[in-house]
Amino acid sequence: MPPSEHELRLRERLSRLRNMPLLGGAKLSGELERLQRQLDRMGEEPTDEEIWRSVELARNEKRPYTLDYVERLLDDWFELHGDRGRADDKAMVAGLGKLDGRTVALVGQQKGRDIQERAERRFGMSNPEGYLKAMRVMELANRLGFPVISLVDTPGAYPGVAAEQHGQGGTIAASQAVMARLTVPTVACVIGEGGSGGAIAIALADRVLMQEHAIYSVISPEGCAMILWRDAGEAKKAAAAFKPDAAHCLELGVIDGIVPEPPGGAHKDPDEAARLLGDAIREVLDELADVPGDELRRRRRARFRSLGVFA
Amino acid sequence: MPPSEHELRLRERLSRLRNMPLLGGAKLSGELERLQRQLDRMGEEPTDEEIWRSVELARNEKRPYTLDYVERLLDDWFELHGDRGRADDKAMVAGLGKLDGRTVALVGQQKGRDIQERAERRFGMSNPEGYLKAMRVMELANRLGFPVISLVDTPGAYPGVAAEQHGQGGTIAASQAVMARLTVPTVACVIGEGGSGGAIAIALADRVLMQEHAIYSVISPEGCAMILWRDAGEAKKAAAAFKPDAAHCLELGVIDGIVPEPPGGAHKDPDEAARLLGDAIREVLDELADVPGDELRRRRRARFRSLGVFA
Amino acid sequence: MAKIDVSVETDDKPVPPPKHPNTCPSCNSHYRDDELEQALWVCSHCGHHFPMRARARIASLADEGSFLEEAADLHSEDPLGFFDLRPYTERLAEAEMKTGLTDAMVIGQASLDGRQCELAIMDFSFMGGSMGSVVGEKFSRACDSAAERGVPLISVTGSGGARMQEGILALMQLPKTVAAIEDLHDSGRAMISVMAHPTTGGVLASFATLGDVLLAEPGALMSFAGPRVVQQLTREKLPDDFGLAEQNLRFGNLDAIVPRPELRPTLSKLLRLFDAPV
Amino acid sequence: MAKIDVSVETDDKPVPPPKHPNTCPSCNSHYRDDELEQALWVCSHCGHHFPMRARARIASLADEGSFLEEAADLHSEDPLGFFDLRPYTERLAEAEMKTGLTDAMVIGQASLDGRQCELAIMDFSFMGGSMGSVVGEKFSRACDSAAERGVPLISVTGSGGARMQEGILALMQLPKTVAAIEDLHDSGRAMISVMAHPTTGGVLASFATLGDVLLAEPGALMSFAGPRVVQQLTREKLPDDFGLAEQNLRFGNLDAIVPRPELRPTLSKLLRLFDAPV
């Protein structure tokens, strides 16, 4: 059986990575192996229909949110609050907990279930204060040597007047900069919508994962459709064009692995979804546990600096 | 001639410093020498009248303020603005400049000359946003290897509703913590009023100086009089009791040196006052230039950890 | 204008004792001593938190018999020969007599549910919990003890601010305690700060707000400047919850408000998280 | 509700060209080409700053003949085979034709008043200054070039945000440029960011705001989300200066607003301060 076009692309990326002159001599052998492994077990390229199904599943109102995973995965969860000086942004949660007896810090956007909670949490759209809280907790984790888990689930950063005044853009940049400086192991997983700058603010991690039906994108399908087709109704067409699904993100080297979901999507069996997510996070943390902090940081930066396609 | 009581106290402090079991084995030999030198050239203990004269001179409306020294001492001054996200607090100035060809960062409270400027600069009383600006610029200096000069001139931190809401106390603590982490040479000089927490926020430096007629105190004379004598009019008595003058601060080991002023006070000849201040800062920076950053930080912490009198 | 009184850190004097010490100032309920002690000095009717003495606090947190006091013999000196209406030395002697303590902080090693930690507990009864050289030195030694033993530090504060009778040396306890915490942090150990009513002025502006986790008791005043001074200067009506823990939580200055009966289990959980040695 | 359009970083399309390219949109003054060029594309009547092309910007900043372009041959690929109303490859070809550039950023070595620096200059004319893989890679290489040569990096931005035709790879240029700046900072070198109109979305949320010094041109829009999107969502009347440099200065997000004629002397002073090698 000849390799599919999809496999060919993966192999091409693999050979590029092998030949890439990396800064400071970073070794990507771990990354290469992972890519090879993923390549070995991946199937065919997702169809446009499958992509759209992921968009719908990623936004499904019954999909487990950050705190649903926290309560299933972490013992002794202690939520930390506030940015120290302005607010406690409920669109972002942050705290400490134990994963199999190992203390970790966790940050993540949190959508709401009922109408009141949705308003209070702004549908998981953070203000600068939310990112400041996440930054503060990541720095605390770094000081005390705790790994950082980041769960990404946001349509994007909140587009409000005060958010802009308080430096939404600069804060998203600063949060990425904090993550680029950490010397503890970090793993991010997109568990629903990984929307644009609001998502990447907490996703500059050693390993980036996506759940099978999560989406990760530079713009929402509706936003893209509105701009390029002048019609938000063309969202499905837009999604097919910019491919926010996990398989394509893996193919492009943007993520390191796909976390399987229960049949029909995470919301069909949140316990099983949490078990699968927990396994994936544990695997990453075990793998990174013995890497010295400086080396983690060096590789993390090299990883992100290698992303992009140009000639 | 038998030594004065004042000299006796200095000598006592000197012998205590010599015998003090310091943390991490910090060597205070430089500090000892400086104290010895100061002891050699100091005169009699200031009288209550002289203390009160310093209180009045420190608050003299014609006294040179931070920017008056900046324009006389620094070339290529470039003021930096804003705390990144909330405001630009004009009670605190921060920027970069050249002192004899060497780039330095400078932070300092700024009082106003005319009514409008006084209101705008809140008489040199910072909000949390002002300390955040200073912290940001000190961290910038640290990143780029520039020494930090801090000029202290404030009645205290601003006691406002918003200031409290925005974490005035925590921000003053955080600013001290930033200074305790810097690995570049730092020198602070009290050039007028060194009022309480608002002053110490930017005064945790390798070397702390005071101008001859500056005051440095835990509370204003009026505040102290109000609390202890139930009469703000007893301010002079209070000042005599808690001794905020430079000579006493030196004697107590709180400052490392006294910067002379022109006869009659700094306001009588601002150019000469600036020349004298510049000489003192240069001497400190020359002395610290070759000390490794880690060692600077270790000694700085040990210095402040040695302050206090108990049995 | 330079005479505006803004040096307000020490402006919160010891509050006058209530008419009857066991009467709730909030709802006027009366209690017997043993009732209050049983209830951790929390009004069972309205939830008001009475001030809690350092030794009682330690007894309520540390495993029985586990507390090993450190630096118990440190005494204040009188570096300035300070004399207002009375000499500082006399005030100290009186406070010592009244409280049975040598100064406003007690430190020592303890275990909590079997996990080792270091405690630094303030006592507001000793000169309004004001911070002078002894409080600064004790806190600083507590940091070192925690770092040396590799255990987290728990502080409980209640303070009107810096102790003005020690003049500029009182102010120097701010940078001193800050430097000590930075040394503790460099050793990789955590600090948990619990702010009881009131935690103000110089204590708020130094070690109390530098904990990795910031907790407060319900209704605790946590303001740098006292409400009276702020009102004097701004001439605005202050918000009802000005400076209180509840306001601070809303503005992001706190991780949690923990009612006293929940404090021990909360700290126990945090010690588990901070991997405190058993 | 999950369908609210908040992915607005790329929502600021290239502004339509003014009726006559040399007519001031603010005061309607007319200029000849050479007049505008002479005035650095600033309206001498009202001070309006016209967009400035990358090559003209470089000419206005670099010492004559000092600019040595780097990575000039980098071209965008089309990783997604992106096709909206037209193929991405066609849009690229058209932009290249129209601008004479291969993408929206030009980088290279230069001197300014004799001091060495690295320049990374965006061109809004190339697909609205959107950031795709080439802009990210060029900026990243500019950081390395600055670090290797031990000189400060000066960036001038003008961008509608991330280039959505490169999908998720466009978003990845945010962390990529952030990581590059962190490497530059670890080398002890400074970055000066100059934000021209407009600097929005993904460029604002990555390298543009991470400079050690943040400057902006008068009237430059510096918003993460576009005004239209914010208005749509908040349904409030936006402040008149919403997202503009002037508002950002007031809120502490900028060090200074520098009119174009003062930009070169300002940068020259900063290079002196940053000890740029002569």
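To keep things simple, chains are lettered A, B, C and D as they appear, and every chain counts its residues starting from 1.
Quick note on the criterion: contacts are C-beta pairs under 8 Å (C-beta built on N, C-alpha and C of every residue); 3 or more make two chains touch, one makes a residue touch a chain.
The shown structure was predicted, so the numbers you read here are calculated from the model rather than taken from an experiment.
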Contacts shared by chain B with chain D include exactly A
Selected interface, B-C versus A-C, where C-beta contact pairs are more numerous
B-C
When the centre of a chain is set as the mean of its C-alpha atoms, what distance in Å lies between chain C and chain D?
51
Centre-to-centre distance between chain C and chain A (centres being mean Cα positions), rounded to whole Å
41
Indicate the whole-number Å distance between the mean C-alpha point of chain A and the mean C-alpha point of chain B.
47
Centroid from C-alpha atoms only, then distance chain B to chain C, rounded to Å. What do you get?
27
Give the residues of chain B touching no fewer than two other chains, as numbers and ranges.
84-86, 166-167, 170, 174
Two or more other chains in contact with one residue: find those residues in chain D.
251-253
Among line, ring, star, complete and other, the chain contact graph is other
Determine which chains touch and list them pairwise.
A-B, A-C, A-D, B-C, B-D
Under the touch definition given earlier, write down the residues of chain A that touch chain B in their complex.
84-86, 128, 132, 166-167, 170-171, 174
With touch defined as at the start, can you tell me which chain C residues reach chain B in the complex?
1-11, 13, 74-77, 79-80, 82-85, 132-134, 136-137, 140, 144, 162, 164-176, 178-183, 200-202, 204-210, 222-225, 229-230, 233-234, 236, 238-239, 242-243, 247-248, 251-253
Note which residues of chain D are touching chain B in the complex, please.
185, 188-190, 212-213, 249-256, 266, 269-270, 272-275
Residues of chain A that touch chain D when the two form their complex:
23-24, 59, 61, 118, 123, 125, 155-161, 163-170, 172-174, 176-177, 180-181, 193, 195-201, 203-204, 216-220, 222-224, 226-229, 232, 238, 241-244, 248-249, 252, 254, 300-302, 304-305, 307-311
Mind pulling up the chain B residues that touch chain D in the complex?
76, 78-88, 96-98, 103, 129, 133, 140, 143-145
